[in-house]
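Written out below as structure tokens is the structure these notes cover.
Order as written gives the chain letters A, B, C, D, E and F; numbering starts at 1 within each chain.
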Amino acid sequence: MPIDTGDTAWLLASSALVLIMTPGLAFFYGGLVRKKNANAIIMQCFACILLVSTVWVLYGYSMAFGPDVGGFVGNLDWAGLNGVGLEPNEGYAATVPHQAFMIFQAMFAIITPALIIGAIADRMKFSAFLIFLLLWATFVYNPIAHWVWAIGGWVRGLGALDFAGGTVVHINAGAAALVGALYLGKRRGFGKDPMLPHNVPFVVLGTALLWFGWFGFNAGSALASGGLATSAFVVTHTATAVAGLTWLIISWLHKGNPSLIGACTGAVAGLVAITPASGFVGPLASIAIGAGAGAFCYAAVQYKNKKGFDDALDVWAVHGIGGTWGALATGIFAEKAINAAGNNGLLFGNAAQMIPQIIGVAATWGYSMVVSFILLVIINKTIGLRVKPEEEAVGLDLGQHAEEAYVD
Amino acid sequence: MPIDTGDTAWLLASSALVLIMTPGLAFFYGGLVRKKNANAIIMQCFACILLVSTVWVLYGYSMAFGPDVGGFVGNLDWAGLNGVGLEPNEGYAATVPHQAFMIFQAMFAIITPALIIGAIADRMKFSAFLIFLLLWATFVYNPIAHWVWAIGGWVRGLGALDFAGGTVVHINAGAAALVGALYLGKRRGFGKDPMLPHNVPFVVLGTALLWFGWFGFNAGSALASGGLATSAFVVTHTATAVAGLTWLIISWLHKGNPSLIGACTGAVAGLVAITPASGFVGPLASIAIGAGAGAFCYAAVQYKNKKGFDDALDVWAVHGIGGTWGALATGIFAEKAINAAGNNGLLFGNAAQMIPQIIGVAATWGYSMVVSFILLVIINKTIGLRVKPEEEAVGLDLGQHAEEAYVD
Amino acid sequence: MPIDTGDTAWLLASSALVLIMTPGLAFFYGGLVRKKNANAIIMQCFACILLVSTVWVLYGYSMAFGPDVGGFVGNLDWAGLNGVGLEPNEGYAATVPHQAFMIFQAMFAIITPALIIGAIADRMKFSAFLIFLLLWATFVYNPIAHWVWAIGGWVRGLGALDFAGGTVVHINAGAAALVGALYLGKRRGFGKDPMLPHNVPFVVLGTALLWFGWFGFNAGSALASGGLATSAFVVTHTATAVAGLTWLIISWLHKGNPSLIGACTGAVAGLVAITPASGFVGPLASIAIGAGAGAFCYAAVQYKNKKGFDDALDVWAVHGIGGTWGALATGIFAEKAINAAGNNGLLFGNAAQMIPQIIGVAATWGYSMVVSFILLVIINKTIGLRVKPEEEAVGLDLGQHAEEAYVD
Amino acid sequence: MLKVEAIIRQEKVNDVKNALSNAGFLGITVYDVKGRGRQKGYVLNFRGREMRVDLIAKTKIELVIDDKALDEVIKIIRENAVTGNIGDGKIFVSPVLDVIRIRTGDRGKEAI
Amino acid sequence: MLKVEAIIRQEKVNDVKNALSNAGFLGITVYDVKGRGRQKGYVLNFRGREMRVDLIAKTKIELVIDDKALDEVIKIIRENAVTGNIGDGKIFVSPVLDVIRIRTGDRGKEAI
Amino acid sequence: MLKVEAIIRQEKVNDVKNALSNAGFLGITVYDVKGRGRQKGYVLNFRGREMRVDLIAKTKIELVIDDKALDEVIKIIRENAVTGNIGDGKIFVSPVLDVIRIRTGDRGKEAI
């Protein structure tokens, strides 16, 4: 098929939109931490852009989407983008240049490890983070992306539906986040000091950029302009609004005050949950998915607060639980009427769709937790993961980067 | 007609652009208020996204654009997006999925009530605001959108030209803002305390996001990519720049200092004024419209300052007066040479175009003021509109939301 | 050729993306200066949008791209966009409305003088700046844009390759910046007071918006959607990531701490350097160009620090040197296989390509420095360039604009 | 000479400041502080985790005056800062040995 | 009456604040300062240009107390603010002549 | 012992700070304040509505010294903070009864 200018325009615009999500995340996280750690967490997000982009071109894309090796990972034939040119790759996206598909996928590879950062905030050495990032992107993200999305990937082979990354991106990051938070241990003063978000407008800015960029993430995953992209766009927006509203109301009833951070967090939970479903479900289903996201993720945060583990910015609750709900909801609400290339779900008479969905979810949780743990242990035993107590006290901005976020 | 990928790409991109305008507005307004109320005003804007999006899918789109009932409002046949699918609706936009048109319009429904917030800043209960928002979106926005844009709408039937919402969005919001500011009364300390904007860079960020997003608002209103979208894009940019420059110079001559907030406000006034005209006028006309916007809105602000009513962030002056100027200017400068589906205006030999323009303007002012007033009175008599004096003194962030914008 | 909706959608989206770069730059610069000058530098950037947009429509586009006069500048036939309509101009862009090309180019004309502001930060009168801006846009930018990009331009005639503005935008601004910094002299207290950046998150916000917008800058310069735009997008992203990583690592080794501002600055250097090459080189070349940008621009900053001239925010080092490296690297790495309309460079057997590249670079440096100097001298001798010492001490926000950036 | 330090509600600063200047007390120094007294703090939320913030934002007004002016100054501050509710604040009075005007070098009462 | 001003590490504020209230010293005023003492500052970078920042962010806790409470207060502050490293801070004690509760007008010890 | 509080122009802080350390006065505490004196404030605009802001941003430098050092310290501050224009600021001197070094518990002059 020839290249379609409209499809390519949409995919390039979507790629730009997904890129801006990572700075969006940096502001979302940056606003939530204390002032003295603002630069450090933004830096970690920014480092994901720099490092993952570089290795994606060098070998990451090849590992994730290159010629299949046993359903598990791609080989290195496409390293350095060898053979990844400006003609379409019919298997992935028939009407846009292959490189457009490649760069769109690069943006997903960037943001996934960046999501983890919220869990390990305010206490990890930057050098250790960089090494973790490199290893995790290589040995966790690339294989899981291959399983689910690549031609020959084993989860894809089962017929699991994940339109834009509920498993690959969100469960994957949420699982690593949980392991990271538990293995690193609590921040100093956790449970005693207030540790209030230092800049709520930044949280809102981050949420806005995430929401804006997520249209590229989900509607761009149609890999073409037209009906499917439109449908994904619409359900993304709807689920997000409903989830934000749900969280706002539940937390208001529960705690007595309508929280702006709560509304933002709920919206992000909605974005997460609709992600895998976005190309397969209709608007009314998206309302249900959004409401579920707001409720389940809020409950997960309360559970975490009670258990007292220090997933500092709730990556597990929002991305892990939200992604899991979304992946299962895809199995419930999917409709062939929306996307003929998808499948019907439970509600449309195909209960069997739940099986590949559950397998995909379980495999991602398991693989990500185990390998993330191994990587963390290795780094901890060699160069060490955690900053010195004095650095934590004075803040990572000065302690690790010799640069303060704000100077009067 | 089949779906055009380029047109759909542009309309989806435009929808994303219009969405980002409301967070943009949140920063514009958030920067202009005092620190202690920053979260609260951002929260109100954010709530517009959450609540209006939800009800738009449930019944709003149907009321605004669904099958006509007496020229006044749509019926509920399209509630829950029933029948609003992925095929084009030829009557509204022949080359894009119907849902793409629907979601594009959703973004307009979101930002319109958000504009009002600037007038009632720093003194309204959040619960009262939410109820007002729901009622206003339902009983003010939906009907007026129907009158002007829907098939069968009575103002549209008169031949009034409003390309992207001079009446529906700006006059509508400006009229409600005036009523709200007067009925709520002044902020405590108004005229005595300085009440200076707490964060001018946020005001600029907001302006930038508004300008950026407004390309989607106006050029997206062509509902297709190509010549008309390009023309709307060009005149939008030009009028905005000229209006910002005009305000900057006038205020500099008048007050002795070149004000950044002034330049931003002028730019927004230009964006407002070009909105209804953007699909009907050429570049030189846009210069005139921009210059008029800068001058008239600046004068309106001075008038308000003299009268001493507390439209806190000048919604009436910028959106009400700017929108009125734009709607009338459309009747003056419109050219069939730019848009064959439009009409010629006064300057092109068709003075009669002024009549439907004036009727559209007057009807919007009248309806919006009356119904907004009724809604406010009802809410005030039941749950009350205004926060307690102590809450106003300590700021709405703590008083209403138990959440501070900034923590050291 | 008829108008292509996909190409037009991409060019309009790109125009919006390039517009947002100037506010991005305002935040990049605004975060780097001291608090007391934040508004003033943002204001200067914003004024570029307002003033240049206005004169671009009036006469700037005609001077830059209008009918050629002796290879040096365009005549005024297209003043007021006379004859610049909604049909394609086949010579510039065959598948999009002529006005779309015009407005895309407007955004380049805006940001180029805005880049200079970083060099002269914190000490120039706003009135003097506005006059300088008007004269510089007219007598420096418009001619150089004509030389390099216009039909009939003499540098273009030599076969020099500059895809998106390495000479026209970056060398041009960097050269003027150097002259401006030297002629204005140092900021008061330079070398004695810390003068630390007051808001690093704003620097990151600016970097993010620049990166995001630069996809429009470079990939939009294909003036069409499809393979070439995709290629430009991919190499832009890759070079930027590599440059940021390079700067981060070099400065970390050199100074002992991983700096977030350093990573951002490196990314910007990469964006600059890939600009002229972006439509002519492949992904591996972009890695080399990015690495070079990080290294050479870092070295240039160190050189400046040693010499002690006060190019406050390193415009010379990043844009002047980065642009020069990019323009030469285009001559080294260009490949006809990427862009048949381009040429092969040194590495692909065509050493002769270096000659027009060097001539383009040298001509831009020479012309920009000389004319910028003349303009500065004229303004200095008439109304004066520099603010009063007290104004500099109290900050330009109060001294020049009577408006503080932040109020508690 | 005496130094009067008044810790008051932020929303009262303007009134106190203006009343002082009307009475001829131009020289003042003002800064934001946080305070704890009998007023209970706020309970803030972060995603449902409650955190008591017992320090409340207040403003401190400092002015150095002649001994004779003390009662008048206290009266002005109280009149303009009082609401009758807990949290109105306190005034502390302490001795000052000398005052120097930097510009001129004047010392003592002349320099106040 | 005495005024105790303690300049301490920011990360110790919570501990000191809580220990004081446990011992019944509710009234305090707190604000952020920057200080220089024996502790060396930080060297910050801006694009490879090094800049020594010798003022380090500290917090000042101020409380006015009855003379008799002085030793107890000093003990509480020291116990909760000490790390044993340079930079732990200082306590200054100075005389206070009078205290006025704005709300009621109470003066002297009653008003502390 | 004495406490010297100097309220000076913000742009003079570096000079004063450096001059003090050159003369051996290392220990200082610094914070931003706003002040009103004889200097008129600024008139700020918000969309053409004028608002007089009579409080101007200043910096306060506080240092506790031995009585003997007073004249030298005052001289250093004045020399480095003076411009000769209104707004140069003031210095207040007040008594200090005791100083405690938190790290060691040293008291009195030794602890300054």
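To be clear about the criterion, a contact is a pair of C-beta atoms (placed from the backbone, for glycine too) under 8 Å apart; a residue touches a chain by one contact, two chains touch by 3 or more.
Just so we're clear, the structure is a prediction, and the values are computed from it rather than from any experiment.
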item	value
Neighbouring chains shared between chain A and chain B, ordered by label	C, D
Neighbouring chains common to chain B and chain E, by label	A, C, D, F
Listed chain pair B-D, A-D or B-F that repeats interface A-E [over half of contact pairs the same by residue number]	B-D
Chain centre separation (chain C, chain E; CA means) in Å	50
Euclidean distance of C-alpha centroids - chain E vs chain F, Å	18
Between chain F and chain C, distance of the C-alpha-averaged centres to the nearest whole Å	44
For chain F, residues contacting two or more additional chains	31-32, 44-45, 94-95
Overlap residues in chain A, where contacts from two or more other chains coincide	4-7, 9-10, 13, 194, 196-197, 199, 205, 225, 257, 259, 261, 402-404, 408
Full enumeration of touching chain pairs	A-B, A-C, A-D, A-E, B-C, B-D, B-F, C-E, C-F, D-E, D-F, E-F
Complex contact set, residues of chain C against chain E	194-197, 251, 254-255, 257, 259, 261-262, 265, 298, 301-302, 305, 314
Complex contacts: residues of chain A adjacent to chain C	3-10, 12-13, 15-16, 19-20, 23, 26-27, 30, 38-39, 42-43, 46-47, 49-51, 53-54, 57, 80-81, 86-87, 96-97, 99-100, 102-103, 106, 126-127, 199, 202, 205, 225, 400-408
Residue numbers on chain A that touch chain B, as the complex places them	4-7, 9-10, 13, 17, 34-35, 194, 196-201, 204-205, 207-208, 211-212, 215-216, 219, 224-231, 233-234, 237-238, 240-242, 244-245, 248, 256-261, 263-264, 267, 282-284, 287
Of all residues in chain F, those that touch chain B in their complex	44-51, 53
Residues of chain E touching chain F in the complex	2, 6-8, 31-38, 54-55, 58, 60, 74, 77-78, 81-95
